[in-house]
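Lettered A, B, C and D in written order, each chain numbered from 1.
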Amino acid sequence: MLDDLKATVCETNRALPGTGLVQLTWGNVSGIDRDRGIFAIKPSGVDYGELKPGHMVLVDLEGKVVEGELKPSSDTKTHLELYRAWPGVGGVCHTHSPAATALSQAGRELPAFGTTHADHFYGTVPVCRALRPEEVADDYERETGLAIVAHFADHQIDPLAVPAVLQHFHAPFTWGKHARSALDNSVALEMCARMALDAWAIAPSTPALPEHLLDKHFLRKHGPGAYYGQK
Amino acid sequence: MLDDLKATVCETNRALPGTGLVQLTWGNVSGIDRDRGIFAIKPSGVDYGELKPGHMVLVDLEGKVVEGELKPSSDTKTHLELYRAWPGVGGVCHTHSPAATALSQAGRELPAFGTTHADHFYGTVPVCRALRPEEVADDYERETGLAIVAHFADHQIDPLAVPAVLQHFHAPFTWGKHARSALDNSVALEMCARMALDAWAIAPSTPALPEHLLDKHFLRKHGPGAYYGQK
Amino acid sequence: MLDDLKATVCETNRALPGTGLVQLTWGNVSGIDRDRGIFAIKPSGVDYGELKPGHMVLVDLEGKVVEGELKPSSDTKTHLELYRAWPGVGGVCHTHSPAATALSQAGRELPAFGTTHADHFYGTVPVCRALRPEEVADDYERETGLAIVAHFADHQIDPLAVPAVLQHFHAPFTWGKHARSALDNSVALEMCARMALDAWAIAPSTPALPEHLLDKHFLRKHGPGAYYGQK
Amino acid sequence: MLDDLKATVCETNRALPGTGLVQLTWGNVSGIDRDRGIFAIKPSGVDYGELKPGHMVLVDLEGKVVEGELKPSSDTKTHLELYRAWPGVGGVCHTHSPAATALSQAGRELPAFGTTHADHFYGTVPVCRALRPEEVADDYERETGLAIVAHFADHQIDPLAVPAVLQHFHAPFTWGKHARSALDNSVALEMCARMALDAWAIAPSTPALPEHLLDKHFLRKHGPGAYYGQK
């Protein structure tokens, strides 16, 4: 069932260590088939190099495992809530990439300091509040997803325009049209976080880039007027 | 004798350079067979790429070499004292990984700033005091192990809950259930130290993560209620 | 047409990921045949590993595509304006390398802090002003090239002596005698930016190197008295 | 002539890029045959991957090329003066490794902050003064070597105990018993410089490690009482 999706999600998870974003098994990618309402996700705690398409776990939008012999990623319910709330999202990626995680730990949002950021994120990448004791006790990973969704709704941030969040005391989540673009956004986020750390070191009050440059760079890559790439 | 143990310990030492934690021959891993009371450890000053299982040196809990033609790691007696004091430990790893070593040199303990830390270490990773002149003159490497054991006892830190220490002016030691988990804890420690350096740079008074998140992340990976991974 | 040039430009683009300067598809190199007045450039948004010489797009000095089935890099008009203004330039390279991009975002020029810098850049690498809204609306990438050219003219900087610029809020551009030397200058710029970040951290008022050392190092590698290398 | 020496020096130069210490052709290693009074050194500006033993240039202690069709490294006379002054030195290595070069540019000496340093350098790694205009005009690379030798003599530093220097506004030089140990000292110096940058960031007044630990670590690896390694 959904062999192409499992193959793609497997390949994208296998690509994680090569990006330098993950150590050990600290990261997971999923991708969804919107027609079926089923997503494929990495199994929990399995080394990337050992992953095969058949290891991917298929989960429906009620959170039920519909195929797979292994336990899905412990973060599965977070992915689930993002897919449930945001129909335009086709893939989700979670890593503990070092610079973005340092910002998450410090509770520091990531302004759009340059065109690298604007190419992927149409404005500041926000910090989502830490989960409360009762949320952690109840259903931690699901509540994490719900908190992220609520943050974007409350602050009127379009998740397709800013496909990333820094979870306070935890680490980043990113998403995209499909599994690969979710991973690409994790790569972009880590680089932008690294550059921000370096820019802050020499210029603590570095301003965000001007609005017209933010618009130009995001819109030359995204939306109806995009002209970057071959399509 | 103990061929499986020697193979595992050899393989784990050979994995060290690929982790980016060690340069030259600055690191060593050991693993113990608790039934026999014998541990296998890297020989001193041999390049990782040249290591074969037969090079591993077998040492008993009195510190006597019971098999092996090469001299064991110069840090052998430190490993020994950790094994003697802490029966739950099955592997020990020592590296001079750069961020954790910078903290060791600065004498700065590593608070639990995020879930990455909490996944491996149930609270602050402590700094162990420097050895005194008479300890160095007497039996330096053994005294190092004894000082670490005393630090954990004096401060009532459970070494299985916080499987790492920063040795002042020196570098980290980590441990775990077996050689590989000891190495994994060195990887985790280095990443947490790197993230802490970056978090301190932008937020010098970054607080540790809240207690309920520390509990949640450590306990979802460790102990009877753990649900991370496939077991 | 221009098979050697396309092969060289292709190979240089393919070398980009290995330098550590680029992530995803964030970088492009071009090279020009001055006799024909035609340059070859990377196609837009194509992964480096997939590039073949036949994918390179040939563009003349009016900016017209004269060969190639793919769309050229979105930065093509920036390359074009540098070639038009500076007849001594044979190759152009653009990356979002992290340290140089952090400086670009912070709007901080890069003084010649040491001989590493002086070996490649005969003085401070300047920051070029951000583009204005009307320039962005009109013809963004071309205006970027024109702004760089104007900056060098207005400040009387010889582009062959200082073959690099930091575009404010954006990232660096470098150039050289041919595609490969343009890339080499990007490598040098990134290293010098990294070293500057580290030097500023410990000594915020680090001075530039003395004039006589700047002269010596630049001139032992460049110009009629050069004696570095085999030529 | 001296085929073994040329093979070793070639192999050590070829190892440079893999250490992460050099970019482009920014580094060179030499090794000497003390009986013959001849050293082998990398040719100038040749890519490491292309080097073959026959490319190594043989130079005598008067600075005369005695074998080799290529021009020797532009830093040859610096190596020469170190060999002439210090009979115990068997190899010399020069790189522009980023952290050590940042310290060189900032004119900041490197104290012995930990045992990693003490394992290789018996005390502070000094900064050598910049060359004066007349020295640069006269015979720059030779004067660089002479300035280093004079610095060690004037400050009564034993070059075999502290086999490294940070050349102000330039970069590090290291040396050792042979070419490989000279390179190993460059690796150690870069790591110690990196750790120092990180330690200074969190603790600007970090003290050097206590004398008895410096003694212990240097002397367990060097001199008659050494017990590290297999010899």
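The rule is short, and it goes like this: a contact is a pair of C-beta atoms (placed from the backbone, for glycine too) under 8 Å apart; a residue touches a chain by one contact, two chains touch by 3 or more.
Since we're looking at a predicted model, the values are computed, not measured.
Engineer: As a test of understanding: of all chains, whose mean C-alpha position lies farthest from that of chain D?
Structural biologist: A
Engineer: Where chain A and chain C touch, do the two copies share over half of their residue numbers, giving same, or under half, giving different?
Structural biologist: Counting which numbers both chains contribute, under half are shared, so the two copies meet through different residues.
Engineer: With centres defined as the mean C-alpha position, give me the chain B-chain C separation in Å.
Structural biologist: For chain B versus chain C, the centre distance works out to 45 Å.
Engineer: Can you check how far apart chain B and chain D are, centre to centre, with Cα atoms defining each centre and the answer in Å?
Structural biologist: 32
Engineer: Can you tell me which residues of chain D touch two or more of the remaining chains?
Structural biologist: Answer for chain D, listing residues that touch two or more other chains: 201.
Engineer: Can you name every chain pair that touches?
Structural biologist: Going through each pair of chains, those in contact are A-B, A-C, B-D, C-D.
Engineer: Give every residue of chain C touching chain A within the complex, in rising order.
Structural biologist: It comes out as residues 23-24, 26, 43-46, 70-71, 74, 96, 98-99, 101-108, 130-133, 136-137, 140, 169-171, 197, 200-201.
Engineer: Touching chain D in the complex: which residues of chain C?
Structural biologist: 113-116, 119, 184, 187-188, 191, 194-196, 198-199, 201-203, 206, 209-210, 212-213, 216, 220, 227-230
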